[in-house]
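In the two assemblies presented below, subunit A is common to both, partnered first by subunit B and then by subunit C.
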Partner chain A sequence: MSKPSPRRLADYAPIAFPAGMLLAFFVVPFGIMIAISFYHRVQGGFYEPAFEFANYERFLTAFFGGVLGFSLGLSSLVAVVAVLLAFPFTWLLVRQRRQVQVIWLVFLLSVLSLSEVIIGFAWSTLFSKTAGITNLFVALGLMDQAVSLYPSFGAVLAGMVYQAFPYTVLVLYPALSRLDPTLVEAARTLGASPFRAFFNVIVPSLRNTILATIIMVFVFALGSYLLPQLLGRPQQWTLSVLITDQAIYQSNMPFASAMAVFLVLVSLGLVGLSLLFGQREKA
Partner chain B sequence: MHKNSPAKPSRRAVLAGGAAALAASTIGFPSILRAADKTLKVGVYGGYFKESFDKHIFTEFTKASGIAIESVAEPTGEAWLVQLEQAARAKQAPADVSMISQTSMLKGQSVELWAPLDEAKIPGAKNVHSHLQNRYPDGRLCGVGAVSWYITLVSNTKVFPEAPTSWAELWDAKHKDQLGLLALVSNSFLLEVTATTFFGGTKMLDTEEGILKAMEKIAELKPNVKLWYRDEAQFEQALKSGEIPMGQYYHDVTGLAAADGHPVRSTFPKEGGINDSGSWAVSKASKAVDLAQVFIEYMCQPSIQALLSRKVGTSPTIDAKLTDLTPEEFAAVSSEIAPIVPRYDLYQEKADWLSQKWTELIVG
Partner chain C sequence: MSGLVLDHLVKRYGAFTAVHDAALRIPHGQFVCLLGPSGCGKTTLLRMIAGLDAPSGGRILIDDADITETPAHQRDFGMVFQSLALFPHLTVGENIAYPLRIRGKSKEDQRAAAERLLSLVRLPGVADRPVSKLSGGQRQRIAIARALALSPRLFLLDEPLSALDAKLREAMQIELKQLQQQLGITTIVVTHDQREAMTMADLVVVMSEGRILQAAPPVEVYRRPANAFVADFIGMTNLLPGTAAGAGRIAVGGGTLDVSDANIPADLVLSIRPEDVKIHESGEGANRLPGTVTFIRDLGASVEVRAEVAGQEIVAVTAPKHRPAVAAGATVSVEFPAEACVVLAK
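And then the complex of A and B:
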């Protein structure tokens, strides 16, 4: 099936509306942010138009490098763990009856609709000493006394994976549901165990989907700023937390913008690199 | 309820009303319409504070003046200042008059965010403590002290049957992972607390060496801190449940929570509670400066200041002798112990240096 490529201006009309929305609600605000990142910060006040690199200079220190590295590492880990959990889950899900699938998808969508605030408070209660899951373990005789499981790296990771999981499933779902079932049947006929068929046939045939999903979840996780605050120690605060501090609490928009621009550039660079490697492997 | 009672609005009317309200909230009423209706949008800190104001103060004001109040929940910290400033650039005022912290007052003054006020229209402002009559360098009045409050040492009474007595308690190694402290240098005022508790006063913060020395001391209490909170709600629940049984918090809100039966208490440490204040200030983008001045004058009255102390738990911004507060009532909202007064000047002059060093201190 081939479509004629657009020739006249009118042929582009259908994309005018989404393009306009993209321009108005993404390109323009992002442009403003880039502009402000070069503005002059007036200490004890706000900012004034200028063109200077001071905001970027302030960012280029070992301290912020460390925070940036941690944020990228945490988001990558969240993405990998979420995909590790979501991939087998989605694989099992697409093989269920349609009705069961719908119920699960509605449930996942409702989880996705929860705000970061609610997820954060819910997990901090679950991890608490006074009302948390360790009380259950004590009741079951698995533990001697209830303990607090937060603030910790594990708590932050759990909260963020929980937040990313429904999103991951929804991204994987179309590709997995379209996968030709005869592939597995063929593998099984040739004597592969279900386990082996899954890892030797399903996973490799969806390698690009998996990579793309990891990247999308990575970007999704990078924006999380409340969960690290609620569930982590200051050492686990991500760059997004520090950006919020500067923008909201220090009214230092130029510096906050510079950090945000830097974060976007670095993550775009990483996404580009991984796509490049994906292409190479394919070739 | 009668199904077809005439008083019941039709579904269509409800929908239309909802649509109108939605449109109004997104576009904002034209200011002329608002002036005609005599409605004033007032920003106060959300939560307990706003609830108490809505219930006890604003209704009384509307009865007395005929001006309706639309209260807006403002976030603590400088978030509201940033929003007001951004909105003013677009000639919008999310609230006509807002309660603004002293640090934010200074920052707003530096960009002339606050509308100058007519002192002749607010004669009561003269009674307000002089340091809470906020003025531009040329003497124009731009803010009037609204309420004072204290940040004190709070604890859960179930976990700690004995009340702590000193800020030094925060440094005690036995409180590992038990404290909730405010996360920012400019709202925790922990530098002032440290300087007063261990170094004989906030004078040492005059120099950067002094500040760094105080920060070194603060680094020692980091293992005790379970939560560095930015938003009150993050800490309040954990304090009530005993999950985070000690920390710094607002004296008034803690008193209200204790009155509701929660096992919490607020203690004035022997070094003094942190005395912070909010001022009423009017955004320069507001079209209702006249109404705002009526409101501010009303709030300065001794009887209203006393009402605030009784109902909201704040400390008066006028001399307590002018009010009819009994010594007991005054003691409930304040203390005889000399307070720790924040060094607001630092948070303006050294804002960026302080926030950088502070972040490195907490995160590092």
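And then the complex of A and C:
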């Protein structure tokens, strides 16, 4: 039995509160940000109402283009690596006993509760020369002397994947635990080894889930601005870092807003494109 | 011996034993039904044969080769699952040709095999459709076609028809039996429906609480049940507790009856099918006990008379033309023909 669609204004009452919250704390601030992105910057740290494209023109340069490209590339890489690691992990997890699953999920949730700052400093310690994991490798005889592994691109990637991993597992978990286990058994009776059954049956039948997860982790990674600063060189700073820099240290709100709006538009465009791609593939 | 041999198979889950010491010999070409109420271990037994569950003890042999340790994907058995387990991301044709794809057969071979199997299950021309666009009965046929794609040594089906409605199920039972006869493939079906087992099986294996109670052709299971559980589970029966009363005689329901069974245990249960029981006017008929008619049900094709004999209800079924001239409440003679009486140990 389907519910009747709302007709009178009063029928919308149940969503009034969430709609109000969304309006007050998302739509309005985003609108202000869009407006400020067209404002004129006054030297000395403030801005006045205007309608000019100067802020947008400013980052249509090779430098900002490069930073934008790097940000999108890094976030995509983080999303792909996180899903590559989390998918087999979650597949093994859903086949464990209930208690084992609960322990792992609690552990992942506690990792998720760590702030970006703590994750950043923890990894910078682990990657350091004095107290880092390379000392362990030296002790094991794998390396001659301890080295510092950061700042580097690898350190940024490792930190961001670590941050995204529990999130990825939690997004994949419901779909994988609902998957009919007899699909794999059927593939096995038809002659597929467990390894082939995983790639022939599990992965393709969850194609849309995987795509959706990659997009979610991509958007999640795009907002990360502390880890690239803590673990990377200036070349590895993302657009989010530059936005923070402009907004807080340079007090250039109009330019920061313009970059933020542009980042949102580009990522929305990419998400839309991949959804369109996914739809076509499904048809 | 050639064929499938289950050599004292055991399956334990912790303290719970799902299958006790199952021993069975199935010659090639037989249609076998594992029959029993839910939770009797029949699906576990099938899964062990398929290689999906490892036995806790015992061996599985096919043509004298021990396959107990052979992984499922190297056994070359076709299996149809209760959920059918059709791959949602593949078309009908790709589903059927999946085992050929695994073995690196060419696209043309896969296509030809899919078409051949689809016509075998009488569903030609749907190879390019997505699985989700088919009805329940059609999916059933696709799952059967996929399991048969490689001409497996053994064809296993786990409650394959349970999702279909009654009418379609009856039709599919006959079709499945015909398909098996046409291909001559050794087939094992798990079912809880005794009618389904009687329709299809050459060999019915009745199971209860993890044990095989009887393995025999359907008519024998029906006519000579091994114990009271089998007698009660297969079709309708009247069960009367009693004791031995000398050679060829038993004491039941306050009287004595002649039976043709030679082996009579001291404590026994008499089993007699409703169609073998005869109701007569009081004082008539041989080998009888007195009773009172409690209810008469005219079902058109048959007449069912219920009578109380020494505090127990006995059901008799006759054809309408042999309807006894009795009414509810009448005192009657209930005849138990000696050759139809099956004496079972208690």
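Just so we're on the same page, the second predicted complex is superposed on the first by the 269 of 283 C-alpha atoms of A that agree within 3 Å, B and C clash if a C-alpha of one lies under 4 Å from a C-alpha of the other, contacts with A are read in each partner's own complex, and residues count from 1 in each chain.
Everything below uses one rule, namely that contacts are C-beta pairs under 8 Å (C-beta built on N, C-alpha and C of every residue); 3 or more make two chains touch, one makes a residue touch a chain.
Keep in mind it's a predicted model, so treat the numbers as computed, not measured.
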Sticking to the clash and touch definitions up top, decide whether subunit B and subunit C on subunit A clash or fit.
-> fit
Subunit C versus subunit B, contacts on subunit A by residue | B
First (subunit B), second (subunit C), both or neither touched by A:Ala139 | neither
So, A:Pro204: does it touch subunit B (first), subunit C (second), both, or neither?
-> second
Would you check which partner chain A:Leu183 touches, where first means subunit B only, second means subunit C only, and both and neither mean what they say?
-> second
Regarding the shared-chain residue A:Pro234, is it in contact with subunit B (first), subunit C (second), both, or neither?
-> first
May I ask you to decide whether A:Val100 touches subunit B, subunit C, both, or neither, giving the answer as first, second, both or neither?
-> neither
Using only C-alpha centres after the superposition, what angle do subunit B and subunit C make about subunit A, to the nearest 10 degrees?
-> 150
Mind working out whether A:Gln250 is in touch with subunit B, subunit C, both or neither, as first, second, both or neither?
-> first
Regarding the shared-chain residue A:Ala131, is it in contact with subunit B (first), subunit C (second), both, or neither?
-> first
When the two structures are overlaid on chain A, which partner does A:Gly191 contact: first (subunit B), second (subunit C), both, or neither?
-> second
With the two complexes superposed on chain A, say which partner A:Ala16 touches: subunit B (first), subunit C (second), both, or neither.
-> neither
Smallest separation of CA atoms, subunit C relative to subunit B, angstrom = 46
Given the complex, residues on subunit A that touch subunit C span 180, 182-183, 185-194, 196-197, 200-201, 204-205, 207
What residues of subunit C sit close enough to touch subunit A in their complex?
-> 50-52, 71-79, 81-83, 85-90, 98-99, 102-103, 146-147, 149-150, 156
Complex contact set, residues of subunit B against subunit A | 77-79, 81-82, 85, 106-107, 110-111, 177, 183-184, 186-187, 226-228, 230, 234, 237-238, 241-243, 348-349, 351-352, 355-356, 359-360, 362-364
Residue set of subunit A touching subunit B in the complex reads 41-46, 58, 63, 67, 121, 124, 128-131, 148, 151, 229-230, 234-235, 237, 242, 245-253, 255
